[in-house]
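Shared chain: chain A. Partners: chain B in the first complex, chain C in the second.
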Partner chain A sequence: MDQTQTSPHITPTTALLLALLYSSSVALQEHLYTPMLLPLLLLGWFQKESLLSIFKRLFFLNTLIAIVVLSMLWQKNYDLALLVFLRSNFILMFILMLFQGKDEFAIAIAMHRLRLPHKLTSIFFFTAKSIFLIKREFSLFKNTLHVRGFTPKTNILTYKTMAGFVGILFIKALERSVLLQKAMQLRGYCGEVYTLEEHQAFTKQDTLLALITILSLLWRQGALI
Partner chain B sequence: MHLSEGLLRPEILIGGAVVSAFFTLYAFKTLKDEDIPKTAVLSALFFLASFIHVPIGPTSVHLVLGGIVGAMLGLRAFIAIFVALLLQGVLFGFGGLTTLGINLFNLATPTLIGYWLFMLPTHKRWQKDILWFLIGFIPLALSAFLLSLTLALNGDAFMDAAKIALVAHLPLMFIEGAMTLLALRFIEKVAPTLLYQKEQHVSRMAA
Partner chain C sequence: MSCSVNIKNLSTSRDGVCLYENVTLDVSHKEKIAIIGPNGCGKTTLLEIIAGLRSQEMGTLELFHQPMLKLDDFKAMRHLIGYLFQDSDNQFLAPIVEDDVAFSLLAGGASKEEARLKTTMILQDLGISHLAKKIVYHLSGGEKKLVALAGVLITEPKLMLLDEPTNGLDHAMQLRLVEILCKIDKSIIIVSHHKEFIELVVEKIYEITPEGLKCSLNPKNGSHHHHHDHTHDHSHSHTH
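The block that comes next holds the complex of A and B.
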């Protein structure tokens, strides 16, 4: 459940803060500079073993970006097309590499560490737990259909089967919410979820990436566009 | 359905963030402790809906389930969708942090119509079926319209992409409507109390 240990380089708290800093800075730029690539190169080095899967995911995430960029190229708006393409991909690559190997629980812990309101962090924890449980039911359902030789097609049987699955998920989710509420009452929930702080010790890589990211956003030389 | 990072102008990003922050903060302010579990599990369902692929011809589309989540949560859907979008943004790269506000506005605002439709009293089977179809159809159609409008407002260069995005969502609207109708029928058959709770709420409100 806690995949922070499989990705020891960057703690989720730092990842969340740096993602916010880098994406909000780059997204608002009208010009991009070469130093903005530095955090991507550093993260690429940290995540060198997962680069192939990251690039595969990046390729699929480019669908809407490709539509937008192609429509701009069609209108001969080359500079804007290049700016949008680079800006989107810089941010996407940064986020994908930053959160590679992290899961919903890591984000919930980061929210808690950032001392955000207790209601918000509680929802993140309960959502993470529910995702974990529903994912398990999801794969069980898929296996059951596979064993029964079900092949999804464009027909009413498939739609009824899928709708039944959605219905089951909702029923189980709502029933689980009632159980969760009772469990919260029994455990004396007083608006806060507690975590083990040792998961969150900052690393040297945190500091290095934070410095490089801040430097890359301040260093305005070598315009790419 | 999600607008990617780096596409939009600052005015749209900031405007979307401000409006969504207002609704989300209001929803948080009125959120009671006992509502947290239901909001969280439905947030998880919204998050995982993108994994449920429904075949349509040679390709497939994924469900959104915004209408049904809105029907169950009302204004609290803003919180559920906020959490789900943030997780999708950082873990999968769907949407993102700077587009979180505008994506939340585009996806969560129409779900309030899902809630309103769900709360309408129905007496006949066909009325119920039409309403349940619309709970899936209308929020998604509105979300697609808002997404296209966002792209169109972003500048003339984005106009073609806005049109393509709207047309691309047309089949998904019908799929979402049909799946919502069939799923709610299933819930009515298997666990009717989950839906009758809403009807009791309507009766209480009317009284």
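The block that comes next holds the complex of A and C.
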């Protein structure tokens, strides 16, 4: 079994392709139709155990959307406000449920398998790698502050500590980039990240989700707005 | 005697401070040595000079009897040198284990069939076949180290440079690494603080001092203890 995928068994390649297809279609269509809810329902069923955490993330993401929607409500543009709200939430829900349990490396693998240009794939992978490593430095530093009894307050010590922290992250990022360059030199990197995989095996869930998603985008009945 | 590494009168400094002077070191074909010394004494720096990642200030360096006068000279030697980073995360250049292990082979122009076959074999040899399809960053520290080692071994280098290979490994994994390294029939230079570990693997231990390298035969892996300074112009090795 492909161990780069998590439950439900949707391969990163399918996830990336469907995310692009669904989000671009929903974003660019003039109206939203009821069948567009079908893939969301199917994914909700696949992800029933993680729904709470998905909705939590969706709630936080909606704080940003709320600002846009409120500005439209202020201008008494109620239809547009509802359209923006629904459209954003359809796309966010779809992507959140699709990539739940998958990390940045899953996307890098998907790009790799889709045979996207080497430069794009390499840049994405090395960025994902850097984010992963900097995230680790970040949590290490945070733990250090905790164990040394630091409590953030609105005072000069907190500002200085945070400024120092950002500085350290920059220095660490620079160090990592130097080490990456050394690894590239030593291992003969010449602009390409290779894969031994010849073909991508798709799961039943992949096929079902792809069919439902395509059908939902083509079936333009029952306009919601 | 055939030499993998031949260093004469090498001097290095960092931030204007001299780390060591007149370092002379010979590593014979298939010889395993360790370099020890206090923190910041320049162990990794020496390893990086041998790997061609930084240039030396003074002295000469020969790899497989070829003089390395400038960093470009190392390009032709890359396939003969394997370098294991202290932190394995820095070494990975592909997200999936088998792709990363095969990386250097594929970058060197090998066919996918050859790379696949060698990757399967090397993963089997190291007992990590079950990790082949996993994402490298999801592995434990010990598993990462073995994957990184597989990535080094796959190109069949003649010289292996290992920077703190036991860093972050538990005792069981350290013993496994000892077992693997003892089986490898190549020249190996290990930089480590871990005395028990290096005593199980190498024949000679060199200590970095400001005056140069002080060599001693490993009492557990050599014939008997022996001291002499390698701070002079000529190089030699003694086994009594």
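Brief remarks follow.
To be clear about the criterion, the second predicted complex is superposed on the first by the 209 of 225 C-alpha atoms of A that agree within 3 Å, B and C clash if a C-alpha of one lies under 4 Å from a C-alpha of the other, contacts with A are read in each partner's own complex, and residues count from 1 in each chain.
The rule is short, and it goes like this: a contact is a pair of C-beta atoms (placed from the backbone, for glycine too) under 8 Å apart; a residue touches a chain by one contact, two chains touch by 3 or more.
This one's a predicted model, so the numbers in the text were calculated from it and none came from an experiment.
Looking at the superposed arrangement, the partner reaching more residues of chain A, out of chain B and chain C, is B. Of the two partner chains, chain B is the only one touched by A:Ile171; chain C is not. In the superposed model, A:Phe90 lies in contact with chain B only, and not with chain C. Of the two partner chains placed around the shared chain by superposition, chain B is the only one that A:Asn77 touches, whereas chain C remains out of contact. In the superposed model, A:Leu180 makes contact with both chain B and chain C.
Once chain A of one complex is fitted onto chain A of the other, the partner contacts of A:Ile109 are limited to chain C, with no touch recorded for chain B. When the shared chain is aligned, no partner comes close enough to touch A:Ser50: not chain B, not chain C. By the touch criterion defined above, A:Tyr189 reaches both chain B and chain C. In the superposition on chain A, chain A positions 103, 125, 129, 176, 180, 184, 189 are in contact with chain B in one complex as well as with chain C in the other. Across the complex, chain A meets chain B through its residues 15-16, 19-20, 23-24, 26-28, 57-58, 61, 64-65, 67-68, 71-72, 74-75, 77, 80, 84, 86-92, 95-96, 98-99, 102-104, 107, 117, 119-120, 122-127, 129-131, 134-135, 138, 152-154, 158-160, 162-171, 173-178, 180-181, 184, 189, 191. Those residues of chain B that touch chain A in the shared complex are 2-8, 10, 13, 28, 31, 33-34, 36-45, 47-48, 51-57, 60, 63, 65, 68, 72, 79, 83-84, 86-87, 89-94, 96-99, 151, 156-161, 164-165, 175, 178-179, 181-187, 190-191, 194. Note for the complex: chain C touches chain A at residues 48, 51-53, 78-79, 81, 83, 85, 87, 89-96, 98-99, 102-104, 106-108, 112, 115-116, 119, 133-135, 137-138, 151. Every residue of chain A that touches chain C in the complex is listed here, in rising order: 1-4, 103, 105-106, 108-109, 112, 125, 128-129, 132-133, 176, 179-180, 182-190, 192-198.
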